[in-house]
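Two complexes, one shared chain (subunit A), two partners (subunit B, subunit C).
Right, the complex of A and B next:
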């Protein structure tokens, strides 16, 4: 059982780029923590440092109270699943599964028993004597999972394990991974650039951007209270809309550029804002579902309607600013027409235009 | 039509290479009188292995009339360890250079590759001095050392380029599974290297077996390889030239490399064209 502590972790590459900077995080025992971010954000480098495949240039990593920075990967009692599966091509599935045990001196009988057990659990029993080349992508990833599970490690590291699979298989394995985590209750650190995977699987999500931790929280927190513009734009599809505006009235209203009537804020949010920032420019963040089409006092021009079956995405022009809204597919909306719109004031997000930080806390 | 032309051209090229072999082969089976009688392309009238037996056991190599057999053995004693060591070191070098990046590894590789470009003649004198200092001058071990030193840059280059195609995660998985530098090499990397092992071994074997320059410079009369002995046998000026014996001796000296190619030619081609290993 292990917590994983990242303590002011830092990684400089020899070419001078800073891959990870001042990254501190306590990953709880049994947690499913996802490192989420675009490519090049430092998430994989962080995972590789936890694995011991990269050496941090600053800070410390602890499993429980044990500092592991100086331990070789094989001494850390971790297992990793790679995007490319990384099975040993010249070994059969059984040999692949048994290899970690063999390296740790587990006797032959025990190895066979554990491999059989896992094969049963992962439904790869009939494949035990095949070689990786003869397996489909999904089967290969199951074997890779099995090889990670077999040694009963303290911490599981998963580096975009579903990225190479097609959509159907990905959904299936995603569900299997969630169930697996529930069953074994081990600490898992999962790297992905796919916010959908992050939202559906994680206990908590740590969002990284340009080597820095942007926010860490439950999927709900990250979605409902993004800490800054980056997180707000990265999590959610279609992405959050950003409009320029300013705080108006006595700090209880938000004037959005191009919208004649300022939006009134609920009292508790207005109170928080009044202290913080009297009459200033802000960036207003609105998720597509928080812009309501066909109702309200403001108006907008419809640029495009994308019907998705259960709903439609409506591209709107609000006083020269482009936004996307979700609407019921039953509404008859046509491009180039004008429509009434409304905003869910309780759910709008305010960001500082300069720093991008969330304004109300 | 093009097909006919193609076969004709290929056949022509094959003949061009095979005719000398045919002449050497038939001449080695003819008694000396038949050769003197002329008829370079005629088949032997009374084929005999006498010339082969003499070349093997009693022909004069320089002043020693002992045949090639001892030198043939010398060549094996030189080539086998030299091939094994240079291929093994090259494989480990290539593995370390591609899979265990370290500060200066790029420079080290560059320096090694320069070794491929230095002409043999340039290093003869320094190498002789070095061997003399080590007390290995004139011995087979000294010759093995020289061949290893000269072979390692080439084998390193071969294995490095091959290992670049082996996906890194496979090695990383092995490290996470508890394998260290050598365990990962022997359990995971080496089994994937069979095609390249074949190519490197064949290249090294033919190069080392056929070498004359190092052999003639660095060995003594007892420790000479078969190529040097062949030269001394053919150059012996006592009495009349025994063409049939010379031809048989040449074939004996060339036989191992020929056999290697016949047996492993397919492996060789497969190794040369070996592409990426899928992870």
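Right, the complex of A and C next:
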């Protein structure tokens, strides 16, 4: 069993920075969990604590039932792929692959056999006698993966492994990593600041901000029901639009500032909001695809149109509030013109203006 | 080719020659001429004071190679160079590793370790001679007080103690060079290599052998090369410590050059020893470069 339990984990650095605070999470066996967040959010520190490269100042880490906080990194039966790959530059690819086995006393013949097997699987066979600096970024990444795989560890830790690659290679390796995870079925903890990677690869995503866990959920949950304003703004490109508004009617309508007609909510959403007092101020969150251009009763002024080929991003002014919407590239939209707009009421998000928390949980 | 292009190329060629000419003039006057003059002198029997002499061909060399003192000096040079360079490497790497770790007062310690290297040799040797003095030196005092010896040791007038003394002082004086070079390299080794090794199950020693040493290799090759050249021709430290004594117990080839050329006033013979030194060094470094140059290419 290789579940990973983080139990009220905390990390203070000597300079007083609190890198991670009260972080609890159960990572299931065989899960691909992504720690997502902007730089400085504590995701890499968390990963390094799981690896044993940083000592937590509070809380506990368990693999299955075994507490691992006091174990040296080499005794935790984990493997890590670093952002810079950290291949040993003076060793050949084969020596790099065999190194973890050598340090664990695996006999030479066995080491050779396993390195050959992995080289075949990762298609790096012809590179076995080369040194890391003679390899391309993608090839180095494969070797780094190979070195992680060779010991058949319980848990894989990946620290932004794709961020040094160009876009094409990144897409290719992303797909390879997904396939690899499906094939070996091991627990993987993946750190990235790239929400696209997180959305495409993960079983679940844990969003971190300022050392605190903001939300854990499937990519779909995180995208469709963000727990707070930070998650809502961090996940999704272009980012979610935020408009000021208030709850109107019987709690079944939302008045958005600058829009004359309040938006009616579907009954199931309205029911969730009924307990909130009417006339309460809210922040209305709308994804760009949920603002429809060229239809509806409300109107907005087009500020700018960015054609992307398959679609266009339309920058709108709604009563003095700026928003971005997606529109079909076939529509003829021109800057400075006025256009009709509509909102997908069922997909509208409401947040508390003070705390930023989602209101209709 | 267009005439204007040809003109420009010719102008650039002249400009290139003009730019390297100052270096060439310096090289010819400061390196090539003295070297040629030394080789020339070694073929003459010349009085150092009058600079009068006659051409003797290879007589200086045949005489030299038949002289036991020459081979003893050669042997002494090898013993001194090999021991001093090895000890400097050992201490240099050790101190560099120590100073690479973080501890309170590290900057001060890094500055202090350079002290022996910066101290003028004459001053340092004066102090060491006092310390090694058999009657009132602190070293003998310490050894006697601790009961390690029953009577004072005549460090500088007895063999092999005299050689041990100059090797120890040489190491003390010169190891900071190794510290600087190794410390500079240590700071550029990515921390992640050590982290990866820890995850791969490497302990402290394994990390030193498998990461640190291979990473230091390049700088150590250069350090060994430079320190060997410098220590092979070290003069002032040995001359001031023992003057080559007792008898010729610590006389190295540079001291022999000096002795032949100045006290014995035979510039030709002194030059012949110097040329022999040059040949030994060239042979050593050709071998050295062949061994390490090839390996570096393979990397």
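FYI, the second predicted complex is superposed on the first by the 359 of 361 C-alpha atoms of A that agree within 3 Å, B and C clash if a C-alpha of one lies under 4 Å from a C-alpha of the other, contacts with A are read in each partner's own complex, and residues count from 1 in each chain.
By our rule, contacts are C-beta pairs under 8 Å (C-beta built on N, C-alpha and C of every residue); 3 or more make two chains touch, one makes a residue touch a chain.
Quick caveat: nothing in here was measured; it's all calculated off a predicted structure.
Peer 1: Evaluate whether subunit B and subunit C can sit on subunit A together after superposition, giving fit or clash.
Peer 2: Here subunit B and subunit C cannot both sit on subunit A without a clash.
Peer 1: Can A:66 be said to touch subunit B (first), subunit C (second), both, or neither?
Peer 2: A:66 sits against neither subunit B nor subunit C.
Peer 1: Now for A:344: first (subunit B), second (subunit C), both, or neither, which partner does it touch?
Peer 2: So A:344 meets neither subunit B nor subunit C here.
Peer 1: State whether A:131 touches subunit B only (first), subunit C only (second), both chains, or neither.
Peer 2: Touch partner of A:131: subunit C, not subunit B.
Peer 1: Is A:108 in contact with subunit B, with subunit C, with both, or with neither (first, second, both, neither)?
Peer 2: The answer is neither, since A:108 touches no partner chain.
Peer 1: For A:147 in the superposed arrangement: first (subunit B), second (subunit C), both or neither?
Peer 2: Both partners, subunit B and subunit C.
Peer 1: Do subunit B and subunit C touch any of the same residues on subunit A, and if so, which?
Peer 2: 51-53, 72-75, 78-80, 82, 84, 86-90, 99-100, 103-104, 147, 151
Peer 1: Note which residues of subunit A are touching subunit B in the complex, please.
Peer 2: 14, 51-53, 72-75, 78-80, 82-90, 99-100, 103-104, 133, 147, 151
Peer 1: Where on subunit C is subunit A touching in the complex?
Peer 2: 190, 192-193, 195-203, 206, 210-211, 214-215, 217, 299
Peer 1: In their shared complex, at which residues does subunit B touch subunit A?
Peer 2: 103, 167, 169-170, 172-180, 183, 187-188, 191-192, 277-279
Peer 1: Which subunit A residues qualify as touching subunit C in the complex?
Peer 2: 51-53, 72-75, 78-80, 82, 84, 86-91, 99-100, 103-104, 131, 147, 151
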